[in-house]
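Common to both upcoming complexes is chain A, partnered first by chain B, then by chain C.
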Partner chain A sequence: MSVQGLSPHGLNLKQFSQEFRAKTGPALLSSLDACVRCGVCAESCHYYQADPRPEHVPAYRAEAVRRILRTQDPWTRWFPGWFGAEPRRGRSDEEMLRALGDVIFGTCTQCRRCTLSCPMGVDTGTIVRTARGVLARHGLIPEGLKATVDAHLKTGNNMAVSREDFLDTLQWMEEQLQSDTGDPQARIPVNKQGARVLYTLNPREVKYFPLTILAAAKILYAAQEDWTFSTEAWDGTNYGLFSGEDDKAAEIARRLEAEAVRLGVQEVVMTECGHGYRSFRWEGPNWLGHPYPFRVRSFVELMAEYLDSGRIKLNPAANSLPVTYHDPCNLARNGGIIEEPRFLLSRAVREFREMTPNGKDNYCCGGGGGMLAMTEYSQRRLQAGQAKARQIAASGARVVVTSCHNCVDQLNELNRHYQLKVKVHNLCEIVADALVLAKAQRPAASGAAAQDA
Partner chain B sequence: MPTIQFGDVQVEVDEDGFVQDPKQWTEDLARYLAKQEEGLDNLTEDHWKVIHYLRDYYQQFGIAPMIRKLCKDTGFDLKYIYELFPSGPAKGACKLAGLPKPTGCV
Partner chain C sequence: MVLPILVAAAFLFSLTALAVRLRPALALRKPDFSRPRGSAAAGVAYAYSIGMLPWTKQSGREHALAYVRGALFHVGIFLSFAVLALTLTPWLAGFPAGQRTGVALFLAVTCLAGLLGLWDRFRQRNLRALSVPEDYTAIVVVAAFVGLAAAAVRWPGLTGLFQAWSAWLLLYLPFSKLRHVWFFFFMRYFYGSHFGHRGVLPHPRMLEAR
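Presenting the complex of A and B:
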């Protein structure tokens, strides 16, 4: 075993450290240096809440990265442990980097709750993401996460849905929309040049759960929006956020930007997808190095604007069971969308109950950071969801609403695993069921109501 | 990689319970998974219709079908598919049919 030997993936400790440091900007640099090891972050983490081991303290994850970086300091060569460098313990470079990979891919959802609790503002999620990116570039990345990024780049969406299948599904939902509204002219527009809004989807809606497409279309219909889908760029997700690969993340954002420009839309509206919103709205301009020539909003913000301006009207009698709201980390803490879903729910349901804590202080559901795509960490993911499961149970709500398709999947798993006996729905389904259509047609049961039946 | 002991054979599954080698799939395994993963004590004729459709489609195209195709070709409506498989088309039906875990947010 040679200390300097290249691993089969072509990555050794020296290269890792060099590539990591090359990606380090001022914010990350201060996060690397500022930790005072106070341990306040421990209690903030949902992994630690579920299983209070030292490995589940956020500072441990960041420190795992620092310990690898310190192996390259000249004075740490002989007594690495004394200087806070990762001791070799008979391992090859690749084995040490694999161990790091297990920590940064397998025990952090990049939810950034620890950053809010940190007196120094250490951004562990970003340290983790940067380290993921270096490992991923050299093939040290969980297979399911890699496959999801690759599918997006290769086929234009992360579930490899063909153009024909996409259009077939939209047509199916359009027929349903016409039947539900009683309006044979109701449309789901596609590739409409000059539409005001370009609406995007999460591929799981198209492939398996199309009722959220119907719900969104119904709300856009009721608001008489001028909107369109694009067959060229309809997937609003970006797993490059989770793999840490900035070049791939930028390419995914660039395609959506280019299509929005080509269609000449004023606004790109992201489906209820937490990481997709964060990626395109907040990270994309940084990845691309320029601002967009159009506005980007979450559908949650657009729905709230419709309601506020009277473009849609809601009847809370349609949703009579007690409802709670799970804040997706990437919409609330990392996106600032906190009041809008509550405003919508205050008009769409009879009884709303908050979980504690909520908003920017919410607990991650455990499914963030690309965890659903990394099957090797599924048992940890379910365990890490314990804090959220306890919150849901304590709320006494019968319906859990959220604005993230990924959270919906994890919450459904928590529901089964912890026997919570709740229903889980996207916000747009609840809003669609409460819609009062202007022409006084009574909408047939769809969305949430159909799934609950 | 976890395994499930099933009769005389050991079947490799991932941590989400998806069968790793589609060749190891049998109807008995589907019944076992139905009980373990979906809490279904028995599989009806309609369950089997969906499971066999998924397997045939996967063998032909190497990918799971869209829910649109599943509904159209089996004649079942969407609501009924969700009722048949409480964990949904991916984590319920596809898992029982021995298909691999899909990419993305499922």
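Presenting the complex of A and C:
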């Protein structure tokens, strides 16, 4: 059900405005007042690239929020039309808020590419997220997004995978690891007290792509890492980032933090999940209001450290097709992880081709912002991926590598929709295939090659 | 004597009103509890320097003319405020006529740059859709301010008119989008410290980020 069919449970414009203002810190306040509606942010948005109409200009999206706020702004309310308050046009408050909901849930992935392009630095992604949070609090949230957050809070992971299924999958992958490495002592540790690293997963790995778990386990085995999974808090995702519900996002982060403290780990390593990394690495401490007593890194950073320090060795001959890399917005633009994946790929593949633009300027694939959970916006999402599809086609690569599960899903859909004829893989699969194991066991296909099979 | 007092009073009003509006932003940001990957200070330095160069961002590259036009207009606005300050002193009359004509011509060009922005707002579909009525009046008010500054520099007899218009501009400013003149500096600070802390801008080398 789209937001158009939902009722914001008595939320009116005044209440929306009050709750939004209550969540507004100094940075967001500046974002609200600094925009001069110059419109030069237009081309930075992948929605605009795919369908260049004014409604897809990022400033227009943020204006949708500002226009509602201006209806209650004591400085300008005496001349609302003049200063750009949302005209009522015979609509009720609920109808106006539903229209806003459609804009902020359905046309922005919070990728923040427009922020980097804005001459002021206006943070439209955060304006959108804050507005989502207020609407979600009153029930105006797409059902799929709400269900994903609620499942995480209720079951401990966003796909409601049972503990038995989780452990069965790990056991299966451990047997595969032993077979692939030829080492009957190779382990996938669970709940190991005092391990150095707590490794997290995205539930879709457990449910649909267990071979990415095997690929990661193989890399950790090759690096002789002291690591563990937890059965209590293994899901690194946090869709509270997308719903804008800070309280729920904080609770999800708190559980993972508590488990890391209980196990006494030195470091929490986030699986290749863009929003999970951003949520726990960057936003989590601020949602919780304190720093973590441990380090948090993406698996991409850890793999790069292994390679740089000689703990793993790679043979690029294992990946002979031309490869390009899609920078997940939450890793690159929102986390600064830009060189690490390129360093890994420079050693793991024969031929690497950059997309243009890339790094912090890379276009969002369209799968961020919780879009994959909001099926009512599927058509828009596929259309918004057009800029990315063009980039991939122009690169001439046969394999698209990325470090985000949502990106993988979206890129696979773009692959089918735009007939790109590429293969899409997580970075760890490519690295696992290129691993040169110390004991001379030839790694069986466990990463990208196995996924392809 | 009345007009300079009016300008000073309008300036004080403007400053006070903006301070009230800015109050939450004056608290600067809450502490960021996440472990830094880069440097917030370096990010702020970047945001106020290299990060403002048009070729460092897509918007600047794709809208180079608009960028130049906007920059020129803003130089004219700041220069006009300097002229306003000088009209409140006896010094302006002391400048040689040639210099005054040169400054007046430059201000006239920047005023034209502002009016071209107004033309763009009428002409371009995206800008029309984005604009509210106040967007048009704000440009007119400021372009007139710059134009009158040019006139007052060249023809001192128009100084009174320039001062009266300046007082109106200062009274109008806190209610208008023109208040971005203040928020710009806060915005760049928050932008720089946020992306600097995360090691995005400026981007440290991989090994430095560890």
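Annotations
Quick note on the criterion: the second predicted complex is superposed on the first by the 436 of 453 C-alpha atoms of A that agree within 3 Å, B and C clash if a C-alpha of one lies under 4 Å from a C-alpha of the other, contacts with A are read in each partner's own complex, and residues count from 1 in each chain.
Basically, contacts are C-beta pairs under 8 Å (C-beta built on N, C-alpha and C of every residue); 3 or more make two chains touch, one makes a residue touch a chain.
Just so it is clear, the model here is predicted, and its values are computed rather than measured.
Once the complexes are laid over each other on chain A, chain B and chain C both fit without any clash.
In the superposed model, A:D409 lies in contact with chain B only, and not with chain C. Using the contact criterion defined above for the overlaid structures, shared-chain residue A:T237 touches chain B, although it does not reach chain C.
Of the two partner chains, neither chain B nor chain C is touched by A:V269.
By the touch criterion stated above, A:N286 is placed in contact with chain C alone, chain B being left untouched.
Considering which of chain B and chain C touches more of chain A, the answer is C. When the two structures are aligned on the shared chain, A:V431 is found in touch with neither chain B nor chain C. Between the C-alpha centres of chain B and chain C, as viewed from that of chain A, the superposed structures give an angle of 140°, to the nearest 10. For the pair chain B and chain C, the model built by superposing on chain A gives 25 Å as the shortest CA-CA distance.
No residue of chain A is contacted both by chain B in one complex and by chain C in the other. For chain A in complex with chain B, the residues that touch the partner chain are 144, 147-148, 151, 158-161, 165, 168-169, 172, 202-204, 206-211, 237, 239, 273, 372-373, 375-379, 405-406, 409, 412-413, 416, 450-451, 453.
Put simply, chain B touches chain A in their complex at residues 14-16, 18, 63-64, 66-69, 78-79, 82, 86-91, 101-106.
Put simply, chain A touches chain C in their complex at residues 24-27, 29-31, 33-44, 54-55, 57, 59-60, 63, 75-76, 81-84, 115-123, 281-286, 288-292, 295-296, 301, 304-305, 308, 332-336, 338-340, 343, 357, 359-361.
Across the complex, chain A is touched by residues 21, 24-30, 32-35, 37-38, 47, 52, 57-60, 62-63, 66-67, 70, 124-135, 137, 174-175, 177, 179-180, 183-184, 186-188, 190-192, 194-195, 198-201, 203-207, 209-210 of chain C.
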